[in-house]
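Both of the next two complexes hold chain A, though its partner changes from chain B to chain C.
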Partner chain A sequence: MLAFILKRLLLVLPVVLAVSLVCFLLVYIAPGDPLISVLPPDASAELAEQMRRAYGFDRPLPVQFGIWLWKALHGDLGTSIATGRAVADEVARAVGNTLRLAAVASVLGFSFGLLFGFLAGYFRDTWVDRLVTTISIAGVSTPHYWLGMVLVIIFSVQLGWLPAVGAGPGGWAWDWEHLQFLILPAITMSVIPMGIVTRTVRALVGDILSQEFVLALRAKGLGEGRVFAHVAKNATPTAVAVMGLQLGYLLGGSILIETVFSWPGTGFLLNAAIFQRDLPLLQGTILVLALFFVFLNLMVDVLQAAIDPRIKRS
Partner chain B sequence: MRQPDLARLGGALFLAGMLAGPMPAARAESVVRIGMTAADIPRTLGQPDQGFEGNRFTGNTMYEGLTLWDLSSADKPSVIIPGLATEWAPDAADKTKWVFKLRPGVKFHDGSDFDADAVVWNVEKVLKQDAPHFDPSQVGVTASRMPSLRSTKAIDKMTVELTTAAPDALLPINLANLFMASPAQWKKLEAAVPASVTDPKERAKQAWAAFAGSASGTGAWKMDKFVPRERLELVKNAGYWDAKRVPKVDRLVLLPMPEANARTAALLSGQVEWIENPAPDALPQIKQRGFVIQANEQPHVWPWQFSRIEGSPWNDIRVRKAANLCIDRDGMKDGLLGGLMVPATGTFEPGHPWRGNPKFAIKYDPDAARKLMQEAGFSADKKLKVKTQTSASGSGQMLPIPMNEFIQQSLAECFFDVELDVIEWNTLFTNWRKGAKDDSARGANATNVTYAAMDPFFAMIRFLDSKMAPPVSNNWGFINEPEYDKLAADVRVAFEPAARDKALAALHERSVDEAAFLWVAHDVGPRAMSPKIKGFVQPKSWFVDFSTMTLE
Partner chain C sequence: MSVLADDLIDLAATRKSRGYWGNVGRRLLRDPVSMICAAILLLIALAAVFAPYLGLADPYLGSMIRRLRPIGTAGYPLGTDELGRDMLTRLVHGGRLSLLIGLLPVVFAFFIGTTLGIIAGYLGGVVNQLIMRTVDVFYAFPSVLLAIAISGALGGGLLNSLLSLTIVFIPPIVRVAESVTTGVRSLDFVDAARASGAGALTIMRVHILGNVLGPIFVYATSLISVCMILAAGLSFLGLGTKPPEPEWGLMLNTLRTAIYVNPWVAALPGVMIFTVSICFNLLSDGMRSAMDVRN
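For the complex of A and B:
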């Protein structure tokens, strides 16, 4: 197993390097001036040149990349042009908020997804299956920002039960004063993973139930509970892979949902960075999110190999 | 089992009852929460980012300049008044030197005195590159707003001398943008930077970062709590030097809410008492629920800025005038924007001291427009092709695509064939500086970038003076008319306020008579607020005074 993990880690290194290069270059391809947030368009040409030098944008691109990468390797993602704050601090704060949101959304989405998926798979072609399939299709088809707005209109504007936007009175705590802000964005965010997990698990369970070994298990007189355990074990590696990918998306935050709810996570941060054309913040945030994804894929690979030894052998 | 001591329990309950019961109720703190359109709290270290919204919320609240904008009237134009300086005048012998007398008895929030050394220190923070507290991150947003200022020196404890590169009568107006931060507070924070940080620039950077979280200015509001990207809480400065402007509300909470529907929902659900720029289609519901909509003409212009390079169709004054006469601005106001605009008949409207008396009356007169176009050689069969660059969104752009499509349809009635080139906002903004000759214009002969008209340089000179052509400033269309240059030069040396207003009026008058722009609209800065908020005045300005309001 250790050799497997080491091999995977070695494969991750070039991916990380490529990701960092793409992150750095992507934002340079976009049009516009990187100093737009601190330099009004009416600033003089001399002032613009002075600012360009101060921020190091006058250097050749490979030199800029080298400096950026070296600092990033030491945990320094630079300074936000717009706010003057350290990018690492900004990203860390946003990641914390997104992690909380993703954690609650994934618990909701995965729990209901697994439940609905197994129900639909077990009771295939019955009204239960049709009901669950309808719910899951609605989940993956509904634009989540629209759902967010509808939930806000119902639960905040009309009923006044939950706050419409924000993350609470500053600084997170797991109390009602803060949790109430998490409920609507978490529900909104959970709908797509719920739909995807439901559909995946339904297909898996249906497929496994039609295999001969299940017939053999039943012929041997195993109870439905024992049969279910075998089905679950066979479905787990694929379900874990799908949930891992979905968790990756959730951890990346959602620009739309976080903007609709003014939730100060990574999506909200990216939105601000894009509109302010804050290059260091944009590069730092994208890099951290991409590394999250790479790390999560690695975890899923290791987990799958631990559950199903055939994967390790292959 | 151990029995409770009933006597002691009874005593404790009695004491608790005494404490809970007869205590007089403390006066509840009055709090106004505001949903801003910004996606982040504007910078809090003195010179805010995010344009005038930044100045509105974290500039004018916590800090002040030597001069201030008068925000006390909803009817009169907002003008410059004394702030941290009580009087000023240029040197009679050398007009590049100005002497400012400072207001005595003013203290920063940290308790230190405001004096001439503080002014020198604040000028140097953005102009003197070898000053220990020089901060490049504040230079861009400051130096460009006071382009002629070069240096300063203290004459005595309460008098400073400011020097400009050339005689510049506009300096007192520009100085409203230089906010005075506390040198004592900064030095205290710089001393707290770990000794292991030895690079002076890095120490200054860290001290400014700390200052942003522990701000100290002289303004009517003091920083109390700051959570980056989430909230800024300000409390009233009870010791503010102007007793009339000591805030009547105890606390102001500023929350970033960039999405219009989110802001509207926050207001309707009672999460905030005030939102900036509510979603236009939610206005009926907001009003129906008893909220108050505040709006007033802002020094903002929504124009088409014409290219005047060789071959541009806008070089013909008849065409420029025809376009200005062919837009039904009232129709746009009532039909498209729900009343939230003021039809523009120039950069400044009647009643403004810089308006003048233009002879060309901008109004909706399609017959006159068609006549001018026919004189210029165009007709229904021979339409004039024009191309305009615009964006899908952007700060101050209002509803750029629907408004441009409205203009496109209107101008079609007057023999124009308008092509719209919609590009990303930041790109449009960057191109603004490159000019109509640059490839980035993609053959467009007009650009649609809105602008602030708070002070004369930004309202007129940067567009009309030939010396302001790219790459120097925003004369995008390369206007090159000696008369504008002469009038702009007159403005620079009109040091008496009355003479300055007269010179500015002459420049504006000329620009309207020459139909220098297609003037379309002025924004009205709409904001919706709880009916509990009383005493608020929305001036004809980008800024507001938060001190006057009360909360019932």
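For the complex of A and C:
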């Protein structure tokens, strides 16, 4: 197992490097001088040159990448142009909110997805299956930012039960005062992973049930409950992989939902960075989110190998 | 002699097979869900294309005294938006840009991704490693994040959002194309073509392409729904279309402030995105099962 983990870690290194390179290059595909937003509009050519040297923009690109990477490794992601604060601090503050939202959304989405998926797979081609399939297709086809708006219209505007925007006063606490802000964005966010997990698990359970070993289990007189345990065990590795991937998508895709609900997470930060042309903030936030995604993929691989010994051997 | 010839012709005529694609088409025609979805999509697309000739109101003409009328107002069947523009005409006209930015990235990515995937799958070796490892890097980003990162850095606008979405959809298509090509490459007819002296380009174009296009095409159609949602999402964030252009994502964005005044009008553009997206999803599912020979 340790050898497997080490091997996977070794394979992840070039990916991490490449991801950093893409994030680094984001600033260079941006049109205009990267200094334009820090320089006063009437800056002399001399001052511009001085600033260029101070920021290291006069160095060759690979050297700049090396310096940037070295700083990033030490937790220095540069300074936000808009606020003047360290990007790492800004991201650290926002990341907690996004993780909290994504965690609740994934618990919701995954539990309903697993439940629906097992039901549909077990009762293949019955009305249960058709109902669940319809729900899951509707789930994956929903523009989630629109669903968020509709939920706000129903539960905030019409009924007045829940607040429409924000994350509650002061810092986060797990009490009703704060939790009521989390409910609508979490439900909105859980719809797409719910649909995808349902689809995957339905197909998976259907496949497993049609295999001969299930027939053998039933033939030797095992009760449905025990047969179900076998099916669940066989479905786990793939289900875990899909859920891990979906959690990563939740973190990366939260920008739309955070915008709808003004949820103060990384997506909200990204939105601000884009519209204030705050490129260091954009770069830093995307780097952190992408590295989270790479890390999640790694965890999924290790977890899968731990559950299913066949993966380790191959 | 001539009787025999006639018989042979008759035989040839009755035996004339519809071919694989003919069968797929027939199976698709018999699937009611797929046909309903296709009809809805066709209706929305035709309405969008011929929007200027349908005798609808001017989608850009606002009126300060007729802002945010509710659904069902006389003269405004679907109400008016925050600038007093007729919602019905804006929803119909909105289909032009919304469908375009939802479809074009997948079409571009289909061509580029198929080409790269076939090259990687057929040539193998260093070329394969080069293409597939580059694709892996893009897989290390969640797709929404990648699209937003690229169009955010480029600074929004219609062309930039098309570009960023195309980049997002190339890697998955390359992966599918590569794996299908790898499966076909080792089959006997490819060896036969090579033995008869065909070059790599000819083999890829004549022998491989026809055999891999089907699965790649069906996979690409399943991406359209995602692309619709993402493209409208970029506009919703203000990264795609610019006002006053009618486009469903952007309309959703500008109407967001109106949810306290006239909530259901504000939700209408999303209904369009949802409808188109679910129809493409169901149609793609229908196509996949129609192409599944096991059925």
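Heads up, the rule we're going with is that the second predicted complex is superposed on the first by the 281 of 314 C-alpha atoms of A that agree within 3 Å, B and C clash if a C-alpha of one lies under 4 Å from a C-alpha of the other, contacts with A are read in each partner's own complex, and residues count from 1 in each chain.
Throughout what follows, a residue touches a chain if its C-beta (ideal position, glycine included) is under 8 Å from a C-beta of that chain, and two chains touch if they have at least 3 such contacts.
Quick caveat: nothing in here was measured; it's all calculated off a predicted structure.
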What is the contact status of A:68 with respect to chain B (first) and chain C (second): first, second, both, or neither? neither
Just to be sure I read the superposition right, which of the two partners does A:270 touch: chain B = first, chain C = second, or both, or neither? second
Looking at A:152 after the superposition, I want to know if it touches chain B, chain C, both of them or none. Which is it: first, second, both, neither? both
Determine, under the contact definition given at the top, whether A:112 touches first (chain B), second (chain C), both, or neither. neither
Once chain A of both complexes is superposed, is A:24 in touch with chain B (first), chain C (second), both, or neither? neither
Tell me which partner A:289 touches in the superposition: chain B (first), chain C (second), both or neither. second
Just checking: does A:122 make contact with chain B only, chain C only, both, or neither of them? Give me first, second, both or neither. neither
After lining up the shared chain so the two structures overlap, which partner does A:248 touch, if you call chain B first and chain C second: first, second, both or neither? second
Residues of chain A contacting chain B in one complex and chain C in the other: 31, 149, 152-153, 157, 259-260, 271, 275, 277
Of chain B, residues touching chain A in the complex: 35, 39-40, 43, 45, 49-51, 136-137, 139-141, 143-145, 147, 205, 208-209, 212, 225, 227-231, 255-259, 261-263, 265-266, 268-271, 424, 426-427, 429-430, 432-433, 458, 462, 471-474
Touch list for chain A against partner chain B, complex: 31-33, 35-45, 47, 50-51, 54-55, 79, 81-86, 90, 93-94, 149, 152-153, 156-157, 160, 163-167, 169-171, 259-262, 264, 268-269, 271-272, 275-277
Would you pull the chain A residues touching chain C in the complex into a rising list? 15, 18-19, 22-23, 26-27, 29-31, 137-138, 140-147, 149-150, 152-153, 157-158, 248-249, 251-253, 255-256, 259-260, 270-271, 273-275, 277, 279, 282, 286, 289-290, 293-294, 297
In the complex, chain C touches chain A at residues 136-137, 140-145, 148-150, 152-156, 225, 228-229, 232-233, 236-239, 249, 252, 256, 259-260, 263-264, 266-267, 269-270, 273-274, 277-278, 280-282, 285
